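Presented sequentially are two complexes of chain A, the first with chain B as partner and the second with chain C.
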Partner chain A sequence: MSKRNRLQSLLDSSIADPSDFPQRELGHLDSSLTCKICREFYRGPVSLSCGHCFCSLCIRNSMTSKQECPVCRKCANEGQIRPVAALEEIVESWKAARALVLTLATANGESSRLTPEESISAIAGPSTPNKRRKLVSEDGLIDCPICHTFVPFDAINMHIDSGCKSTSTPSKPKQKAEWSKVFSKRSKDSAQESDPDRRLPKLNYHTMKEKQIRELLSQAELSTAGDKNALTARHQQWTILYNSNQDRSASQRQDLERIRKELKKWEAEGKARKVDIDDTDEYQRLHKQDFIELIERARRSRFHSHKPQSSRGREGGSPIEEPEVSEVTDPIEVD
Partner chain B sequence: MEQLTSSLAPPRTSTKQTAYGTSQDVAGSVTKRLSSELMTLMMSSSPGISAFPKSDANLFEWAGTIEGASATIYAGLRFKISISFPPNYPYAAPTIKFDTPCYHPNVDLTGGAICLDILQDKWSAVYSVQTILLSLQSLLGEPNNASPLNPDAARIWDKPEEFKTQLMRFYRPINEDGSL
Partner chain C sequence: MALAHTRRLNKELAEIHAGTPVGINLVNADTFEKWLFTIEVMGTSEYEAKKFLLMFRFDNTYPISAPAVQFVVDDTHKAPVHPHVYSNGHICASILGREGWSPVLTVIAVCITIQSMLASCKKKEPPLDNDRYVPRAPENPKKVSISLMVSPLLA
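Entry: the complex of A and B
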């Protein structure tokens, strides 16, 4: 691990958290758009027959160990998984609007009420670097709310309709090409699969020969190293990753190379959790100051947030004492 | 995939280097989820419970405290627990044990193991450290005497005075510096 410690970088990376919002209602809205499993904004949201929604990847992973809804425990299986396109759209719009809403909300919560003119200037004005862009700039370009590229104002609808693909002004020949694409068979432009929405089927690996699984893997351009168990696990996870990607709308999908990378990451994760620290006690001593700072900072930001909160039940010193634990029981694997 | 490794990563011999480089993204989703939980715990006001990673180097090992709820026999007593997250968290439950000796029908007095369904077969990926700690807190006041891990404690649960004596015989308060 790098010199910069992990906790620090995590806190610095400003994780979007519902508590960012001073207003309780906005916090609720924010958290209602997050998956209950990974606690992040839904990625490729799907619903089960009980109506509960999760990221496609999260619920597919969860189903490998338990065929039930994690929220209500009703029986569930892969067959019930249905993409919820509307929710995906809502989440994407909210993600795009979140920073803006947050600025408005904090401005509203902190200072006195803004007049309508002022609130407009809060949108367009240079309050934060993020918000510096005006909605329509002088040269008639507009910031696409979805992909954040600048698109001619007249072409914005077409740009969005095309799934943020066309970035230039639609010229006649291009328009023609677009139209012909609409009228001709859609499958033509997707080179890799006959059906772009295809899902990989669930296989019964027990009845398959090692060679067959290996073949499947090499067809998908994946590593064929390892014994049958490793191959099975790899193909199983590949299926999960692939299908969950398919549950996203076409504009949100990642290319296969990216999914292959993710699979690799997952495999490393299985072997991983290597922490390259030789002397843990020394490490703890060394970073004690960081802990104290982090806690201090977390506290400060807590008190600065204008959430009406009751006082915490625990006394001030308690989190600090934890890193001090004298006996380090965790077996840190040193590779 | 093999080709990819060889083109991007340094030569095969330096496997350690690879481990370094990826340690941040490896387990990325788990770390992210854990840090989100940490954030929630710090931001929310849940009286009587707290938890924090034991060391900065390893987000998978946490230490926590639970205070017995008022109007229960455990009122005012603080228990130190350790939480250990598996690499496939939250799809598998964390391992939790009491570090402070806890005389309770569903807790192993010496080892600190806990018998609680949501930590075993009833685990769900939507549970979190916070929900676990709250469950443990309520378990203290409402034990499940049907499946005791400490049969003696289950037997005398209905005799509060006797129970309290036993409880206090084994209880050791947490020191100021967090050690036992």
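Entry: the complex of A and C
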């Protein structure tokens, strides 16, 4: 699909937005229940010691680049993160009630803007593509539009009818097995390790051997491919995803298989960003024209910028500024 | 499913379509990689009645890391002459750097910062190290190496 089409389909899909409400007060209530980082309803809300709240995943990701509160910039670290159970409950209740409130509000506010069907599709959460088929992943799980847990597609109606209570039942036996798998190998003190609320500790990967990291990954049933940097990045992200899942209340948690999938998705995104060049000769051949053009442009700009200086006796050295060209070889690399 | 950064940009875009601050106007947001805005300084200032084109570029680390922001410099557009704006359009502003950026900041917040940076300018002059910086600077302001970043704020 072309970039343009993908964008269009994204724009066409309905997205919950505070501006859905004609009344400013309701819009404000709506936006106050969203995370300031992702701008979506809090998922596993946590607070820092300064009192500001974020989605657990958002703030944990943010802390990988900077250890401070994004709102007030006070120093913060992972140790301060505390789940806010009450806020989670409020958000979940609001998400469930939002469509109803929206219908009432729009009927009340002005001549009804939305048909009932439209207002249902305006329920909470991430952009919801209109086509239902798109929501079902390969393993037949579907993201519940109300509570955002993954439920087998066949059971989604029953799940919603029962007020999202039956969420974890289908995966529970599996979940238990996963837990025991994870912990039986690692644990000496099984009583402490089998605590379902346990968070993974932050590790100092620098002092660890590649083999140790690989072992940790295989214990968590994750891929052990790649060099130490790749292993470290994978385990770091796994820790973030795992711990942010732990910050949600037990009924909202996803099973480990689901988190593994998210990790895979994250890695795929990273790969898309960092273009892997297998055949360098082929790559050079393909982009030869681009290189020539860029070198030409670099020469020209160098010529222009150095002209006044050379008249003062500075003669040019190498024909091309090195940084200009090295920029070209990996244009999408970040950091 | 949409990536996290496109979802967030989508929300910002909805807010922008609902209305932008005076002097800041969206020109183009056809993709989630590049957005263009015009910036105008309102009231009396050194840049009265001038319009500048501001370019935002996003990657999938947004909003955890800052977008790449610069003024467009081409045949029809020029960068403002300002102690914190290089003649190639690169901007020296703390919120665009690693230390000053915060994921709760938005595209519009950046626009407002730059607008007020221009509005508060008392003397139109280029950065002290403009001649040193511009020929060496990479095309993308986010890729500027540390050695080049002698801040004109400190100079």
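Simple rule for what comes next: the second predicted complex is superposed on the first by the 186 of 335 C-alpha atoms of A that agree within 3 Å, B and C clash if a C-alpha of one lies under 4 Å from a C-alpha of the other, contacts with A are read in each partner's own complex, and residues count from 1 in each chain.
As a working rule, contacts are C-beta pairs under 8 Å (C-beta built on N, C-alpha and C of every residue); 3 or more make two chains touch, one makes a residue touch a chain.
On a predicted model such as this, the values are computed, not experimentally measured, just so you know.
Visitor: Using the superposition on chain A described above, determine whether A:K264 touches chain B (first), chain C (second), both, or neither.
Guide: The first partner, chain B, only.
Visitor: Name the contact category of A:K36: first (chain B only), second (chain C only), both, or neither.
Guide: both
Visitor: Thinking of the overlay built on chain A, is A:S65 touched by chain B (first), by chain C (second), by both, or by neither?
Guide: The answer is both, since A:S65 touches chain B and chain C.
Visitor: Under the stated touch criterion, which partner chain does A:H287 make contact with: chain B (first), chain C (second), both, or neither?
Guide: The answer is first: A:H287 touches chain B but not chain C.
Visitor: Check the residue A:A85 against both partner chains and state whether it touches chain B (first), chain C (second), both, or neither.
Guide: A:A85 contacts neither chain B nor chain C.
Visitor: Which partner chains sit in contact with A:S19 here, chain B, chain C, both or neither? Use first/second/both/neither.
Guide: In the superposed model, A:S19 contacts both chain B and chain C.
Visitor: Regarding the shared-chain residue A:A250, is it in contact with chain B (first), chain C (second), both, or neither?
Guide: After superposition on chain A, A:A250 lies in contact with neither partner.
Visitor: Which partner does A:S223 reach: the first (chain B), the second (chain C), both, or neither?
Guide: first
Visitor: Of the two partners chain B and chain C, which one touches more residues belonging to chain A?
Guide: Larger number of chain A residues touched: B.
Visitor: Touch test for A:R73: chain B only (first), chain C only (second), both, or neither?
Guide: Once the two structures are laid over each other on A, A:R73 reaches both partners.
Visitor: By the touch definition above, which chain A residues appear in both interfaces, chain B in one complex and chain C in the other?
Guide: Residues 7, 10-11, 15, 17, 19, 36-40, 58, 61-62, 64-66, 70-71, 73, 269, 272-273, 302, 321, 323-324, 332, which sit in both footprints.
Visitor: Applying the document's contact rule, which stretches of chain A touch chain B when the two form their complex?
Guide: 1-2, 5-11, 15, 17, 19, 36-40, 58, 61-62, 64-66, 70-71, 73, 221-223, 225, 260-261, 263-265, 268-270, 272-277, 280, 283-284, 287, 290-291, 298, 302, 309-314, 317-319, 321-326, 328-330, 332, 335
Visitor: State the interface residues of chain B toward chain A in the complex, per the touch definition above.
Guide: 1-2, 4-5, 15-16, 19-20, 22-33, 35-37, 39-40, 42-43, 45-50, 52-61, 63, 65, 67, 82, 84, 87, 90-92, 124-126, 176-179
Visitor: Considering the complex alone, what residue numbers of chain A touch chain C?
Guide: 3-4, 7, 10-11, 15, 17, 19, 36-40, 58, 61-62, 64-66, 68, 70-71, 73, 126-127, 134, 269, 272-273, 301-302, 305-306, 321, 323-324, 327, 332, 334
Visitor: Which residues of chain C touch chain A in the complex?
Guide: 1-4, 6-8, 10-12, 14-15, 18, 30-32, 59-61, 63-65, 98-99, 102-104, 131, 134-136, 138-140, 143, 145
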